[in-house]
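Next, two complexes with subunit A in common: one pairs it with subunit B, the other with subunit C.
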Partner chain A sequence: NLHLITPGSRLLKSYRGGHVVIRFALGGCTNRPFYRIVAAHSKRARDGKYLEQLGCLDPLPNAHGEKVAGLNLERLRHWLGCGAQLSRPAEKLLGLAGFLPLHPMTITNAERLRRRRRPAQESVVPPAEGGSQEPGAPV
Partner chain B sequence: MAPGGCLLLALLLLAGTVQGQHWSHGWYPGGKRDISAPQAVPAWSPWLVPCRGRKSRHDPPAKSKASRLKVPPPVDPAELCVVTERYRQHRLVLGALRSIFRSEVVQRKHEAQKDAEDSAAVLEEHRLLMAWNDAENARQRARREERIRKEKEEQKMQKLQAMENKAKVMEAFLKEKEKEVLQLQEEAKTFITPENLEARIEECLDNPRNYNFAIDKEGRIVKRTALS
Partner chain C sequence: MPGAPSPLFLPFAERACGAARVAEEEGSGPGAVMGGGRAARSLPLIVCDPPAEKREAKPAFTDEAVQDLLYRMTGLNLQKVFRPVRQELKPPKYRLLTEAQLQEATRKAVEEAKEKLRMPPVLDEREPIDDVLADDKVLEGTETAKYVFTDLTYATPHRERFIVVREPNGVLRKATWEERDRMIQIFFPKEGRRVIPPVLFKDEHLGTVFQQDRHEDILNMCIAQFEPDSADYIRVHHRTYDDIEKHAKYDLLRSTRHFGGMVWYLVNRKKTDGLLIDMINRDLLDDATSLITLYHMLHPECQSAKEAKEGKLHGIDLIKVFVKTESQKEGYIQLALQAYQEAMATSTAS
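This part shows the complex of A and B:
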């Protein structure tokens, strides 16, 4: 029968090159994002077919002000052992989770934020204390 | 006056919107004042509400950005050194972690393989299969050797037979030739040679023979006619 095409040929896509990456796949609705942490080929669409789901991340804080994420560390170890790359936000998330060391830019941005906040604090604090005390050494 | 003024306005508007170009429709060739451009749909109309269109890479930059000076983001050198060092450390640690995970995966694979291979039942089955295989091989070898031996014997027999046949044929041939030779020798005794030519002629003349006779089917002479 000439019209009988093997069912497997349409379901298996093969790419040239490419590698496995662990990255975020966006889901959810309008103004309500939701990320799935996913191991997929780098050449697949962002939300397309993936190899395995390794966790999820809710970027919007919940009622207690927390951003909740779930991770499957066992499978993460397996995929990293198989040679999967990480996307930058995935690296940062894993650094914050403690599975990997903290990303340099996380530390750098925190330092920058602190530096920016300290003059604002100092400018706020001295006028409040300068009236009551003598101006002491800067904190 | 008012209706006349409205008519004038309408005419002016119509004239103004005929050759308008908009970047979201693509720029027509020939420039803005090209009169031969086709009368396209006007850019704005009540039933074509425009959405927030984006420029493609082929559209020219806006006039408000003509004086824009592109400047790279400012970099603090001390911070850059610190950040570079942090990245190096981070990559070292990541590489080490990856090698640990890799070794774990390899170890797990080996363990799974061993579990599949080293179970006693599998080994026993393997041994039995190998024994059966060896038995089959031996049997086939025996049959093969038997066959070869038989073939060799047959060939020998055939050779012998052929030689015998040849010998026989040669013998028969020789015999035939011998017989012929003997016959010829016998016949040679009755040949007419120059020596006994005269004697033979005399003999024939002395004994006239009558060849005028008829024979029947059995070969007996039936009729004779006398010599004239």
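This part shows the complex of A and C:
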């Protein structure tokens, strides 16, 4: 918590309010994102100065078809113990990892996707059945 | 549904029995204690505990007596051990020493050579990991690629590190050994090891290496690249030993740290004849007797072991008994023994 006595210092910024969050900081370059999982003050810039890096995530699959993510669980538990909050993507990632339970939005989105795909499949199947009857019709 | 407790919160107390730890530390000076976990001079140091399920009758690789025999057979050729390794060229430094100082320097060199000749461990192949932590069928079809999560806590040993994989079908499982090795190399890189093992270790390319007589180099590379209980490590080692045995190139590994492992492999498979002939031809009778003692320790039920125990034979008699009962190439060994005895006779006569 950075409430300083000398707010005019260039090196140490002080904010009114705000809290520690664990979130993704974007790095990399054009068409090549790379996220660092970072504990930072909530009012800082997304890619700005952070308190500690707790891991990383490479969103693009590698040669073996896997998305590599590293999580420093010990430090993560420390910051969560200090009262840090998590951003939604961070919560979802930790849910996928098994550190936290699955995020409800992950499940909701999965079900929505399945519901959206099922009618598409059902609409594909009936024309096939209707089409198979057609060769019987006279030309 | 969010109901299952997060598996990674489980206490870190799942320690595999007989875990081996690979550590690389900078060493200083000789006089290291075997198995005490002290440093090696820029060589990967592997400390292993003896396996818990050791059959009483069968001696293991790590036994004192076995290690002693293997070490004696390895030999100590200082010229070969301290052969110039390809490194940055520096002009040689010359020093003027008295006799006493020279002896002291030689003694120190011998101790350093002993450190370099420390045998890498011989372990059984590791069991494949096949553990599912959670199965969330809701996630089926949402992702296209799998996620690999590695625990980056600095203080945990690599064997106990949590590495889990979330498959696209929603299964959360522990990573396989290959995935584990790759991830650990990505986040905690080790000197001399690549993330993807070099193509040289494939069977079709090992032949080229063997033709160039570079068995020692490929074994050193193998130790740097693979874990001692991985399938690739064992396969490369066995292929190398087989090739050496086929072409009788035993001298390539003599006075290196791989000699003990090779002898252990050959004695376990009873292919010791070529090695015996080689030793007799080079007038290494003590090594030959150590070899046969080791053979009897590992196969106590064989004919020559019983005869040797009854008669308490030593030296050439032990070899003769062994040759009569156990060996396949009896004729060759008899010839070699004859030649040796004639050479001894002429040298004592002259």
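Miscellaneous remarks
Definition applied: the second predicted complex is superposed on the first by the 108 of 139 C-alpha atoms of A that agree within 3 Å, B and C clash if a C-alpha of one lies under 4 Å from a C-alpha of the other, contacts with A are read in each partner's own complex, and residues count from 1 in each chain.
Methods note: a residue touches a chain if its C-beta (ideal position, glycine included) is under 8 Å from a C-beta of that chain, and two chains touch if they have at least 3 such contacts.
Note that this is a predicted model, so its numbers are computed, not measured.
Overlay on subunit A: subunit B and subunit C fit together in the combined arrangement.
In the superposed model, A:55 lies in contact with subunit C only, and not with subunit B. Measured by the number of subunit A residues touched, the leading partner among subunit B and subunit C is C. Contacts of A:65 after superposition on the shared chain: subunit C is touched, whereas subunit B is not. Of the two partner chains, neither subunit B nor subunit C is touched by A:119. In the superposition on chain A, contact of A:80 is made with subunit B only, not with subunit C. Shared-chain residue A:100: touches subunit B and subunit C both. Residue contacts after overlaying the shared chain place A:110 against subunit C, while subunit B stays out of touching range.
Fitting both structures onto chain A leaves subunit B and subunit C with a minimum C-alpha separation of 6 Å.
Residues common to the contacts of subunit A with subunit B and with subunit C across the two structures: 100-101, 103-104, 107. Note for the complex: subunit A touches subunit B at residues 77-78, 80-83, 100-101, 103-105, 107-108. Against subunit A, the residues of subunit B that register as touching in their complex are 79, 82-83, 86-87, 89-90, 93-94, 97-98, 101-106.
Residue ranges of subunit C in contact with subunit A, taken from their complex: 1-9, 133-134, 136, 138-142, 144-155, 162, 164-166, 172, 179, 182-183, 186-187.
Contacts from subunit A toward subunit C in the complex involve residues 55, 61, 64-75, 95-104, 106-107, 109-111, 113-114, 117.
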